[in-house]
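Handing you this structure, nothing more for now.
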Amino acid sequence: MSEWLSVYRAGLSLDNPLTVLMVGLCSTLAVSTRVEGSLFMGLAVMFVLLMSSVLVSTTRRWIPPEVRIPVFIVVIASFVTVVDLSMKAFLPTVYAFLGVWIPLIVVNCLVLGRAEGFAYHHGVWLSSADALGMGTGFAGVIVTLAAIREVFGTGTIIFFGRTLLAMPAAYEPPNVLVLFPGAFIVFAFVVAGSQALNRRIQARAKRGPL
Amino acid sequence: MRGALFRGGIHPDGRRGSASGATIEPATIPSRLAIPLAQSLGAPCEPLVAVGESVRRGQMIGDVRAKVSAPVHSPVDGTVVSIEPVLTPFGKSALAVLIEAAPEQDLESWVPVREDSDPLEVACSAGLVGLGGAAFPTRVKLDPPSDTRIGTVIVNGCECEPYLACDHRLMVEHADRVVAGGRMIADFVGADRVVVAIEDDKPEAVRAIRAEATGVEVRVLPSRYPQGAEKQLIRSVTGVEVPHGRLPFHVGVLVHNVGTVAALWEAFALRKPLFERVVTVAGAVVRPGNYLTAIGTSVRDLIAHAGGPTSEAGDRVIAGGPMMGHALGSLDVPVVKGLSGIVVLRAGETAPVVFGDQPCIRCARCWTACPMMLEPHAIGIRANVRDWDACESLHALDCIECGCCAYVCPSRRPLVQLIRAAKARLLVAGRSP
Amino acid sequence: MSDLTRLHVAPSPHVASPVRTSWVMTAVIVALAPSALWSVWLMGWTAAALFAVSIGSCVLTEWLWTRVAGRPSTLGDLSAVLTGALVAMTLPPRTPLWMAAVAGVVAIGLGKMIFGGLGWNIFNPALVGRAVVGISWAGVLAEVRPYAGGWYAVMPDAAAPGLDTVSGATRLAIAAADRAAGGAYGFEPADHYRSLLLSNTQGSLGEVSAALLVAGGLFLVLTRVVDWRIPLGYLGTVVAISAACGSDPLFNVLAGGVLLGAFFMATDYVTSPMDPRGRFLFGVGCGVFNMVVRLYGPMPEATTFAILFMNGLVPLIDRAFRPRTFGRRRQVA
Amino acid sequence: MPSTPSSAPRLVLTVVATCAIAATGLSFTHAATADRIAEQERRAVRRALAEVLGSSEGAVEVESVDESVLSRIASADPATPVEAVFRMSDLDGEMLGWGIAVAPRGYGGPVRMIVGLDSAGSVTGVKVVSHRETPGLGDKVVESGDHLAGYAGIGSSDAERAVKEVDAVTGATKSSRSVRDGVLAAARGWRAVLSEEQSR
Amino acid sequence: MSVVQQMGLLLVGSALVNNILLTRFIGLCPFFGISGNMRTAWGMTGAVLFVMTLATSVTWFAYNLLLVPLGVEEFLYIPAFILVIAALVQFVEMYLRKKSPGLYRSMGIYLPLITTNCAVLAAATEAVKPGFFKMNMEYGFGLAESVVYSIGVALGFGIALMSFSAIRERLESAPCPEWFRGTPLAFMTAGLLSLGYVGLGSLFGL
Amino acid sequence: MSEISMVVNAALALGAMGAVCGGLLAAASRRFHVEVDERVEAVLDSLPGSNCGACGSPSCFSIAEAIAGGKASVSACVAGGQSATDAVAAVMGLASEPMAAVVSARHCGGGTRAERGFDYSGLLSCRSLDHLAGGDLVCAWGCFGHGDCLRACPFDAVSIDERGLPRIDPSACTGCGLCVTECPRGASGLLALVVADAPVVVRCRAHDKPGARRRHCSACCIACRKCEQACPTGAITVVDRVAVIDYSICDGCGACVSACPQECIDLHGRMRGSAGSTDGAGPRAPGFAALAGSGEAAAP
């Protein structure tokens, strides 16, 4: 269990897919203008990650290495299509916001990277930890980024029609934050922040009982 | 022939206190001299004398069996008191023969250079080296590889460094020697053309040489630093660029400083070895002048001979000119063959103190000024982060350390020092230029 | 210290040209001053306050940054002052002061110091500040643009036919609208030359007088502070493209931010190429971008974006154009 | 990576099997969601249509016009794409008006919107269904009820003049113009085609 | 509009106005991952240009000649496209490795990166499947337009990648604050780089 | 379309594509099969991966290739020390070669206590300073303190202390020797590699006359031979006017440290009976603190 936890935790901070490994950046920067959409993006990625990791790690023995990439990618694409179709059917407003970014989860570097890099070499148990850890890490960062961009860039955070947070009325939200330059710039600071955090975590690990 | 001059370069000013009007006069012989055994490029000499031995003026006191080297001679009659390491004006430590000068000196006679039918041997045993800066053994330059042909001998009278005037005075006062020496070299190497190149700010020298000039051309070049640098000079005079990694003889040219040429004439005509040279003492000294100085005289004695520093003097004393010279850490260093001048800079005249963290503002002034057409700012930046490979691919090794870049830099970056660090590094790593 | 007892050793060269970084910056500030002062004269305290706030915020940001980083202050090089002045000159006269302050902070903070300070930024700091503010509050800026009041009343603007058909717009915007409407507004560029040259209050602070900008620019070019190739490439391209596309060339040079950009902003050493050929190309690139957006884009003016876009290509241009080292054939990239 | 390659049939089989299984699974998913997706889309359209006519979703019957009519309408204003035209009536079959789905070019992409026209050809309402305008700038235009409401009541006959009276939003001229283009296209379509269509 | 003009606009639109990296956030992982070095950026640009063009052509056929006739395009296009691309890239990689080691060394090592590059899938899908991206351009191209379009996208990828990588090379020696060094500075730079592209928004109505 | 036929169509379509792709890859993996030497990867994994270059190769990868190809010895990695050698030998199936563990040690205690002959301005780099007028230190063997060694060390083992002298952390130092090469006075013994567990170090390597030396440095070895007399094992002797320790004899008792009147001998590695192992923070360390603020000793 402790191994499971440590694999899971790695995805949150020291091996965070977005701020450390720097994979899966596209959808993160693209959809993080709204917390609502980002949350579902995070969940969608987590779902695909979990399902494909589990499937890959259970079937890895039968998949010859020469064709592993095509096989993995078909598996992933199938789960993505499932998400795509279900979201269209059940959450049309969220789907309208996320648009093409759902199909593009297929090529989200994070998903294939973990399938190939982790699940292919580990059992189901640890692979699920990795998938959930990476998924949580991904979702955490993307929601954080979205929260910053939405509240500072539009002045409010609106979640399914309800206003969660609003800046004072005098606040003139700078649009740049919700436009594409803002995505990069805010993310730069999020990465800097998380790096600082990671340094502290590492320092603590170093100091800890040997 | 492409374009008239080399690209780049600068116009440094600050020739106040220059010694260009002062006639050459002998400096006093100090009681004690230190003659370094390594005064030329190449192998250091081994002492030929022992402590306690007495030596004569012009006697060879150090020599070595090596192709690239030049023997050294005693400039005085006296006694060897010690052989120990001293610091040279260029910051290197070298073994030196310390001589106590005899109280009576005969300044008209010397041990003559050994007779030899081979002029190269004469040039060698006279201890001739280039007096223009690098102190490269003249013998080697007079003996180009047999598959090359020297068509042009350029006598380098540009003297483009501010303050320095020893070459200028030599041309004014001994034009005959310069011209005769130039022709002599042309004879040795079989060149059909001798060009004396002089910057246009020395009209007096131009007149003097022209008056003597039989069989040599006089080329008056616009004054622009570093007009006197070998490759740039060849470019200005012949329009040809010495290819990268090649030497002047590859393009059929031989460049010699006027001092070297005059010394060569003396070695053959007067059988006089190279044991004294004209040194300019300029800047904030009481009597700026051009002094015929015995090699081995300490800079302290020489400055004292020039009347000592004036009250304007700052704390920087330069061996050589202000652009390429070395700042002295101590005045107790001997005059060597390669030392053309001592400049005592005025307080406030020096380039301000720098530590290398002023940013480059990419103004491209260094870029425009560099006569080697390098990118000094980029080499500087890369050297600062110790990226030597990048320095190499930026051709740091081609830099001639002329200092133009650092002179013009509005940010006062120590570009030359940075580039020099990179060069040293690359040479240690065995990368050939 | 004339006894030469304790010497000072430093690397060669031991003398240096008197041109210092602060000297260069001062020269640019001096060249800008006539335009700046003229805009203050025409538009009164609003303009003066804008200058004060944006210079102040630039200087303060830089000072705080070095202070927090524990490094010596770099204000002495005066580049922050220059950035501040240029930020103000890119803003319309009635810009809210808080917005100018934000522009200054962004310019120095995100545009310059975060890259390592003077000399390290890739993008023109003043334009980064201006662009961020412009994108963020485009609506607000569009509303504050027309200016009426202050001492401006003393110098009546040339009558501009068709001006009132599109309220509160720059002359470039009117020209664009006119072009879009197939000449329906009967816009006549030549009617605007005089006011663009001398007393244009329809644009940003830096656009009040093309004549003064040209004078300042020529001063910089003639004193060799800036390389003539950048302004020439820039303005030449503007003229060429507008002539080729049937737009009035002179109007296109005089109106909008082109002159300010070509002489004072595209020429920023730090963010322009070093090679003369590269500099010309850079100027041409700015001109192309600027004119294409003016004629075919949604925005009437694009100097800011044109220069920023080309700034991004500078390292690439620098790599493409390198000097051929003496005695070598061609530089291998 | 083992250095001996697996046998070729095995490679092919693995891929084909994966593909077949995936395809089968996906067809079932598709089958399970297709109706619902279609229903969602239909409802979104109906909601929008009802809105532009000012009635409630449950109170209208919607019927698409046939292809030939659509193409005739589209050719009335070739500059602006017309995506669909709906004829709307109340539950009793009483004609309420028309909903015309147009997609004029905006700043960032097509602004897909529905223009409602009553049976006299006057604009009853405008609703933007999807767009890519700049947040904070263009989107204020296409999402602002006030701005869009400015077009209500414009009659088809003099639409060209009347649309100009709706003020463009400063700083977002292009977005404003796209809405204007859309309304204009709808009005022209009505004038050219629907006015007679209706009387039939 | 003449065909040439149309293709020109298509190129400008896909390369600059809708620059895939800086304005649309596609293909960012390699953009940040391999821009540290100019040579790599060159290699990657070449590889992307090659693969993107090839992938678009192949998916065009797969879509129009297989999926659409069978009526399964709605839910199979994702697996189908990515399968084709992955297999294609892997095949090219193996081929180069064996047949042209020189080319492999300069370009082939980037191929595995490209397999899962969103840019390739996005460009192919965009060019082939109508209405995938909501943009001012009409999609659902014929084969020729699809190919021109994907070349444009790849060129845009190249321009952004190369300029970014040249910038990063220059910033390598920059004394930027310790807490911002590396990744954060790279993102900051990308943000400012994309500022310039803002000005191109909606150019020519694209 | 009926549901069944859709399922069949779908399976057919994707299956066919899968067959084509799979076939293509199967054929390719056969036709284009390339042998790769996995040992290169395995060797690379055993190396420190810092690309320090101390082995003479430009990168860890290139030396890994050389080792795997039998062109370099399993102990080629200097920085990796014994552990890397063992791991590489295991990968290569060869016997490991024992390596003498060494660390770098500084042989100068001058710093702020050594006289500087002139003022200097320019790059704060030892090498650059050494090029100019022979360096500002009067002592020709002393340390300039501008930290070229620090910048050369790929393992962050060097720091500059409050006396303006480099302090080498023996637990971080891998003995790669890059600092020694980098130091302009490395060749004359200012920095030198000593056995890794060297307990004490003589902080002076000057060879001029002790009387003259004393005049320009208050921390130097004065060749008084008190340490020689104090040393119970005879490990320390004055050779060529300076004390030198023979580490094959020295047992780390520390007697010489307290015997030296000049505070010229201090701790380096692990002393007998002591817990810590730091460079220069010996029993007299507090005294050194008084000489703080010397980082920029050359600044006028």
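Every chain is named by a letter (A, B, C, D, E and F) in the order it is written, and numbering of its residues begins at 1.
Note that a contact is a pair of C-beta atoms (placed from the backbone, for glycine too) under 8 Å apart; a residue touches a chain by one contact, two chains touch by 3 or more.
Please read these numbers as outputs of a predicted model, since none were measured by experiment.
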{"item": "Co-neighbours of subunit E and subunit C - touch as defined", "value": "A, B, D, F"}
{"item": "Shared interface partners, meaning chains that touch subunit A and subunit F", "value": "C, D, E"}
{"item": "Remotest chain, subunit E as reference, centres from CA atoms", "value": "B"}
{"item": "Whole-Å gap between the CA centroids of subunit A and subunit B", "value": "68"}
{"item": "Rounded Å distance between subunit D and subunit E, as computed from the means of their C-alpha atoms", "value": "30"}
{"item": "Between subunit E and subunit B, distance of the C-alpha-averaged centres to the nearest whole Å", "value": "59"}
{"item": "Chain centre separation in whole Å, for subunit D relative to subunit C (CA means)", "value": "44"}
{"item": "Residues within subunit F bordering two or more other chains", "value": "6, 10, 12-14, 17-18, 21-22, 25-26, 29, 33, 118-119, 121-123, 128, 132-133, 136, 300"}
{"item": "In subunit B, residues with contacts to at least two other chains", "value": "315, 326-330, 353-354, 359, 414, 417, 420"}
{"item": "Touching two or more other chains - residue numbers and ranges from subunit C", "value": "6-11, 110, 116-117, 120, 132, 135-136, 138, 298"}
{"item": "Chains touching one another, given as label pairs in label order", "value": "A-C, A-D, A-E, A-F, B-C, B-E, B-F, C-D, C-E, C-F, D-E, D-F, E-F"}
{"item": "Residues of subunit E defined as touching subunit C within the complex", "value": "38, 162-164, 166-167, 169-171, 174-177, 180, 185, 188-189, 192-193, 195-204"}
{"item": "Residues of subunit D defined as touching subunit A within the complex", "value": "1-2, 5-6, 10-11, 14-15, 18-19, 22, 25-26, 29-30, 33, 36-37, 40-41, 44, 130, 134-137"}
{"item": "Touching residues on subunit F, where the partner in the complex is subunit D", "value": "3, 6-7, 10-15, 17-19, 21-23, 25-27, 29-30, 33, 35-36, 38"}
{"item": "Contacting residues of subunit F [partner subunit B, same complex]", "value": "117-119, 121-125, 127-128, 131-134, 136, 140, 151, 299-300"}
{"item": "Partner subunit F, residues of subunit E touching it in the complex", "value": "62, 66-67, 70-72, 75-76, 79-80, 83-84, 86-87, 90-91, 94-95, 97-99"}
